[in-house]
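By letter and in written order, the chains are A, B, C and D; residue numbering begins at 1 in each of them.
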Amino acid sequence: MSRSQYVRANYQVNATPQLKMLSDDQCENVLNGALEVLERTGAEIHSEEALEIFRKGGCWVDGNMVCFPSHLVEWAIRSAPSRIVISNQKGERTMFLEGQNVYYGPGPTNTYTIDPFTGERRRAKKSDTVRAAKVIDALPNISFAMDCGTVMDVTPTLSDVHAFQAMLENTNKPIIHWGFGIDQYQDIIDMAAAVAGGLEALQRDPFILLYSESSPPLRHSVEAIDKAIFAAKNNIPIVYTPCTFSGGVAPATMAATLVIAVADSLVGLVAGQLVRKGSGFVMGGLISTMDMSSTILSYGAAELSLLSAGLTAVARYMKIPMFSTGGCSDSKVIDTQMGIEAAFSILIAGLSGANLIHDCSYMEYGATSSLDLMTMDDEIIGMVKKILGGVLVDDEHLALDVIDKVGPGGHYLADDHTMDHFREFWAPTLINRLRFDGWKAEGSKTMAQRVKEKTQDIINNHKPEQKSESVLKEIQAIVDRAEAREANKR
Amino acid sequence: MPNYYEEISQNVITGQLDRVKQLTQQAIGAGNNPVEIINQGLIPGMSVVGARFKAGQMYVPEVLMSARAMNAGMDLVKPLILTKDIPSAGKVVIGTVKGDLHDIGKNLVGMMLESAGFTVINVGVDAGPEKFLQSIKEHQPGVIGMSALLTTTMLAMKDTIELLKEEGLRDKVKVMIGGAPISQDFADEIGADGFAPDAGSAADLCKKLLA
Amino acid sequence: MPVKSNYVENTSPMFSILSPSQCEEILLAAQEVLERTGVTVHDEEARDILKKAGCWVDGILVRIPSAVVDRALRSVPKRVTLCNNRTGSRDVHLEGYNAYFGTGSDTPFTIDPYTGKRQRSTKKSVSNACKVIDALPNLDFVMSLGIVQDVPLLISDRHQFEAQVLNTSKPIVTTAHDIYGFADIIEMCEIMAGGVEELRRNPFMTLYAEPISPLQHAWEAASKLILAARKGLPVVYTPCVMAGGTVPATMAGVLTQGLAESLSGLVINQSTREGSPFIMGGVFTIMDMSSTIFSYGSPEFNLLMSSLADLAHYLKLPMFGTAGCSDSNLVDEQAGIEAALSIAMTALSGPNLNHDVGYIEYGSTSSLEFLAINNDVIGMARRLVRGIKVNDETLALDIIHKIGPGGHFLSEDHTMKHFKTETYYPSLIDRQRYESWLESGSKTLFERANEKVKDIIENYEPDPLPKDVQQKIRAIVERSEQKVVKS
Amino acid sequence: MSNYYEEISQSVISGQLDRVKQLTQQAIDAGIDPVEIINQGLILGMSVVGARFKSGQMFVPEVLMSARSMTAGMDMVKPLILSEDIPSAGKVVIGTVKGDLHDIGKNLVSMMLESAGYTTINVGVDAGPEKFLQAVKEHKPNIIAMSALLTTTMLSMKDTIELLKEEGLRDKVLVIIGGAPISQDFADEIGADGFAPDAGSATDLCKKLLA
């Protein structure tokens, strides 16, 4: 048969669906806006060390105010790597933060968590992070770990360190982790190095990304900017993520919200690149709208998806890996709203091609984490991955001979071609396609009930691969060291 | 002596037509009783398939592959035995009712019934009451199965039942119905013996009706 | 303000599944199917028309030369407008990437909003559904959302249509049992429009017909295509195909055969009367190989429907799409997930007339709560598709400079001017703070939707149809009833 | 004589700053009692705004527009009356605690309080216990309100309360707290007088505490 496109000229294939929120010209325009803001308006920097670095790098520093010449920012964009490869804790290179590769995971530092067994909304304990890490480890579409809630039953200033320990002990997936300050960051890097087999091994095949959040608009606390500097010094990649919401800390227009988010990210980028040219930087952006009725920062709004996809377009334009948001909700219970908001944001974030998509566990506008939601998101991500796979068009898949063989009025069920290809259909595990009677016979369960059963089953039965006793001891020693230090401070 | 039954059964389950044919031939050649080849090899394999499908462990195309493999084995064995000795779970006439050209649901039921060991007579689409009547007279089935996809054509089911009554055949045959607009209360309304919401449960229903 | 040159702007997100080359290849493949394999046509008149148009007819099998398909594609109008059925206002423009949303039609069951029970749909349930559709701002057109089953079945289509026009003024996509039902419904529409020509000029109704896969046109379907063409009224022709069952299991094979079915319908329609308005349809999905259902929620369904939209744009045909539906047996998280995915994908791809909002249980049951919920999802998707405006006003560099580091923009005139249009404010989706949500009764989305639906049913009054028109429509329904009683 | 109060009140509600200024000037020129202009015009309008915001009919930027209009009117009237006659619902010192640079939540509360007729003294971000203490001594507020967005900085709220106790001022002033990680049980734990989950309810909380 000579119909094949392989002998045809000028044949262009969409290997995957194409989504582009902004044109290249629009991306350039937004970037130029951010450069103008940095050069003219500047940013407020609260760290002496950072001020000194910026001054030496050629910025105009006036008290806390720093204005950034555009050429310097552009230099920093060029000097940052366009790709960062993250390994799992066994040193296998699993996440390629480059191009449009997409990886999903949960989110950090919620005030509350929903107990997956009692349904109670309460403060998180260290045991909750243990549970979270197990669920993360078991779910196939969750690619990296975050802590899923601030641990409150340990020394308050070490909840970051304890959460990290809990994750190391219960999952081997890569971890994106936050810390209160530089001391804790040192603890975290030391623990990670213990797992990796030394700092250099960790630097070559990092399985952690450090996480730092500035306070938009254009304000960078000591903690935020010092973390960016610290990460660069230690040659560990960092996610620098301003939390920008339109109407509140940015103008109400989407384009201006992007300008603020890009400008604030670039401040972190410049700091890191001035410390170590080429240090790994992932542009962040929790970016959404402020609900003008309740004043929450919405995690379910269409604007979260819109802005995140827009920001991702700009990051791609700059060729900087992107940390985006999806799988989250404003709903306070697992209900239809949660399904809608999670699915909507997972789909658009996936189509946008952001490299890391976090917050697949956030409910109640981020105040509360839910492992059930993460389990549900895992299923949604499966569906979305199928969509991201697009439609294959070639002779085998066009199947003209099969169509001719079956002809009008036949069926394809028992055909070899069907047998060869029907497994390309996505196979649901929590989505239910039973007929009404069958579904009734199985107890008329809602998806939330099926999700709950699965989450509980994972927590009760999943056994993550354990690290060696010696590594676990080393980790414990670092936690003990941190405890002693904090006790001294008090 | 190799355990042909076990192997035949396994290959029916995995739907390997050529292998089933080969093994059945070998079993015949080795002098195994043809009825036993069916009862201990082909059919047990297929009943595993049925159970797995029900449990969601196998999918329709796989079931049909298994059925194809089983039938290929049957075709080799059948000529060797008397017709009355060929095991059958029962005889079912199926068809899509008058005015309706929808085929797939009915065909799927047909294939599922065959896989479960029933002998199926398929009267096709657009089948009026007379066609069903004629088929009953000719084949003396235990069950007739009628399918309809349209709300307008589902009324034709009642006509068939009425005709069977007129002809005094209603108590000689069980009537089951199915299709998208059909429900249990409609089945009750027109006096059918059963309603099957899908192809898998149609086989169960037949078994129950003929028990 | 600087003047820009060579500036390319995405005024909405750019989205496609298939490249133009892939669209062309699928079109060519569909034409090959029609030319080689052909379709069966179970209507003699249609076969005569096709023969005259240059097709090869052999018994009921008709093979269609590519040139005949090309001719039909050239003669069919690229745009169809649908109007408000009371005022004739031209509201729905089926052209380009405009995406409108509406309900689906003939579900055997519906969930009663008062008892929560799944029951057979009735004239009352259809009337209530139409009221709710009429009241929801993001729904643009109506399908009945239920088969009327408490009247004589053979003429239930007339009752169904009456229930619709009495309760909503939005454009209607109507089903009918056969051309006799169609003729009665068209007569009702002509009365409402004030004449045959008026209805043709400002149609507020389109007929619905579907072939039977694979590659068969039943008498009902073919005769409807012919009648619509003769009347000069738009017709939706929509193959419902399931991968692995009635079409090949591969997505490209589904698109090829499904398109071939649509194009053969188009040829029947255009060969009857060139230039007749025709809306290409298609519910393309998979057969779930475990339960054998026709899936309304699978990711393949979304992929296929968006691909079909790409094909429709490539062919410049108005398209009837599908979204806002679910395989779930109740309105739960799964229903939300499936509706969100299909509505977002549909809004991004831009098929024009998108039906089945409100379907649960793989299209067997309708839920008014789900409909009200999807009203919000459509709002979200529409916001997304409006994209991000980038210009000096929206970049707002001066405002940013004025506020500077650490400030906020809440009390800026710029915020006041833009916040309502830049942001979509949903009606049922909840964004209260936890404490306020607790205070207001800790309700789930479904519970809020149920309250809203009941409120609409009890308190909403659609624009009334003039008394005399009501009576004339009633007379047609009664006339058909008498005919049935006689036969 | 036109009804200035009604018109001023309406223009406050719709956030028309220029119109409020114009009407207030006209009312002053017409010899209307300035205190009445405030009580029956400006504040009345603003209380409607507060109620509408609460019921979700008005949005934050609109509330702030109204507040701006009201303040513009106040600025014109205030010079004409003795400061002790200026109606005030109470005095509130407000700030974000030490180590925390998050501004917006606190500012929003402050604006909402002002809209509701409170006098607020904003001590800004990164405010340690001493800063609050000094503000209490200087302004003698009825209430101090502390905000924190980080789980680490929230601990500093307790330090402020402890310092007030040491200075013997704890029973002279009410303490309310808020911010993302704050909850009622945390408020109880550190001995605050109240917790407000959002800007709208902060106003209600102040009213309740001062009632």
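By definition in this document, contacts are C-beta pairs under 8 Å (C-beta built on N, C-alpha and C of every residue); 3 or more make two chains touch, one makes a residue touch a chain.
Chain-to-protein mapping (UniProt): A, C = Trimethylamine---corrinoid protein Co-methyltransferase; B, D = 5-methyltetrahydrofolate--homocysteine methyltransferase.
Note that the coordinates shown come from a computational prediction; the quantities given were computed from them, not determined experimentally.
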A student comparing A-C to A-B should find more C-beta pairs in contact for A-C
Centre-to-centre on C-alpha atoms, which chain is most distant from chain B? D
Rounded to a whole Å, what is the gap between the Cα centroids of chain A and chain C? 35
Averaging C-alpha coordinates per chain, one finds the centres of chain C and chain D separated by a number of Å equal to 51
In whole angstrom, how far does the Cα centroid of chain B sit from the Cα centroid of chain D? 78
Contacts with two or more other chains, residues of chain B listed in rising order: 59-62, 101, 103-104, 108, 198
Where chain C touches two or more other chains simultaneously, the residues are 212, 216, 244-246, 249, 287, 289-291, 293, 364, 406-408, 410, 412, 415, 419, 433-434, 436
Touching two or more other chains - residue numbers and ranges from chain A: 215, 219, 247-249, 252, 290, 292-295, 367, 409-411, 413, 418, 422, 435-436, 438
Please list each pair of chains that are touching. A-B, A-C, A-D, B-C, C-D
Which positions of chain A touch chain D when the two form their complex? 46, 109, 111, 150, 152, 156-157, 159, 180, 215, 219, 221, 247-249, 252, 290, 292-295, 367
Chain A residues within the chain B interface of the complex: 409-411, 413-414, 418-419, 422, 435-438
Residues of chain B defined as touching chain A within the complex: 15, 59-62, 64-65, 67-68, 101, 103-104, 107-108, 111, 125, 197-198, 201
In their shared complex, chain C is touched by residues of chain D numbered 15, 59-62, 64-65, 67-68, 101, 103-104, 107-108, 111, 125, 197-198, 201
Given the complex, residues on chain D that touch chain A span 53, 56, 59-62, 101-105, 108, 151-152, 155, 180-181, 183, 198-200
